[in-house]
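Note that the chains take the letters A, B, C and D in the order they are written out, and that residue 1 is the start of every chain.
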Amino acid sequence: MKKIIEIVDTIETAQVYAELSDAKSGGICVFVGTVREFTNEEEVVALEFETYKTMALKEMEKIADRAIEKWNLNKVVLRHAVGEKGVAEPVVVVGASSAHRDACFEACRFLIDTLKETVPIWKKEKFKNKSVWVSAHP
Amino acid sequence: MKKIIEIVDTIETAQVYAELSDAKSGGICVFVGTVREFTNEEEVVALEFETYKTMALKEMEKIADRAIEKWNLNKVVLRHAVGEKGVAEPVVVVGASSAHRDACFEACRFLIDTLKETVPIWKKEKFKNKSVWVSAHP
Amino acid sequence: MNVLFFGIAKDIVGNSELIFSEELNKPRTVAALKKQLVDSYPEFSKLNALAVAVNSEYATDDVTLNGSEEIAIIPPVSGG
Amino acid sequence: MNVLFFGIAKDIVGNSELIFSEELNKPRTVAALKKQLVDSYPEFSKLNALAVAVNSEYATDDVTLNGSEEIAIIPPVSGG
């Protein structure tokens, strides 16, 4: 089992297949989160990501370990970007490879859902006239 | 909405993100099917894919259209390789991008499941001492 | 009437295309075509399933054939 | 006792790190730390949630603090 856990300045989406590719795998499932132009019909100029890096890496490692416990996976990647990202830029990529496709699909969904719940990374939405920390307030 | 439907000799996995990337999308989900080294504990040397191309492209187009009807998608890719593929090589890539991740995950799963059911492509597993058309016999 | 064969179907008939040239031999429906194939090549009856495409669309048994269509024998698919 | 602040928590206190230097001021539990923060900066009470990490692990309210730990205030996360 190979895990790749990283916080980076820029995500290179092209590299993830080589990282997940595996002779024992028949399927690779990858999710890429990107910056969307509009939130609630307001135009987003950029997203700014900040992290508590030592803790974020630990939490990402835990998520990978939980996925490996739950499913029969050969390789797992969790990679998140920090800094300012413009529209359509990738901000997160998670993926898994497994012998059969059920496992990699379910694991990939679990990876991104859990990352969003537990990993200490914060996103500020920058609009033309204001900035908002996402999910901070009810 | 942009659809990319192709049957190719070699799949370049690196290109699929650029194809699915979209200002209106917050999520991209991609599935890559690859050649697995073992089937029922027998060592696979290669897979050989054959297609009825005109019909396969029509069926892939129908699958994309059904996905677009069911989910709110911005871009869809269905690409299958033909010819002989060695262990760990990609043979199929399907993916979708959407504003929110539920849609792209569900659509991506639908694309590969339906492709395997309806698209006229046939796979021969080549072992050391024999070759078998997959799924042909009970 | 020309019929295309793919995958294991091609192996069974030993050819990627067969021509039904005799008027008498030409099946008039998809069901008749399938029956004719199974009668001539019993291996077809051992397959998981056997579909026929007419003009590159799946065709049900009752679809009629006039001989000018592109007809293909579709054994169980296994892409992906 | 040093406390790290991230995201909106950093904006609320106006700093990425605060030092609780007075013996009297040092909270002895996670719960006491949270209370002290909310008392000093009422904006914290308006957040969806407020978590504390001790040595880069989520800590429940009853975890005790001796001042040598790495302590961080974790406002609602929003990665991905």
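Here is the rule we use: contacts are C-beta pairs under 8 Å (C-beta built on N, C-alpha and C of every residue); 3 or more make two chains touch, one makes a residue touch a chain.
Computed from a prediction, not measured in an experiment: that's the story for all the values here.
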Problem set entry | Both-way neighbours, i.e. chains that touch chain D and touch chain B | A
Exercise. Distance-wise, how many Å sit between the C-alpha centres of chain C and chain D, to the nearest whole number?
Worked result: 73
Exercise. Distance from the CA centroid of chain A to that of chain D, rounded to the nearest Å?
Worked result: 26
For this session: Go ahead and note the Å separation of the Cα centroids belonging to chain A and chain C.
Result: 48
For this session: Any chance you could list the residues of chain B touching two or more other chains?
Result: 33, 112
Seminar exercise, completed: Within chain D, the set of residues that touch 2 or more other chains is none
Seminar exercise, completed: Those chain pairs meeting the touch criterion are A-B, A-D, B-C
Problem set entry | chain D-facing residues of chain A, complex | 33, 49-52, 54-56, 58, 80, 91-92, 112, 115-124, 133-138
Problem set entry | Residues of chain A touching chain B in the complex | 13-14, 17, 21-38, 87-88, 90, 97, 99, 101, 104-105, 108-109, 112
For this session: Sort out for me which residues of chain C touch chain B in the complex.
Result: 4, 6-8, 11, 46-48, 53, 56-58, 72, 74-80
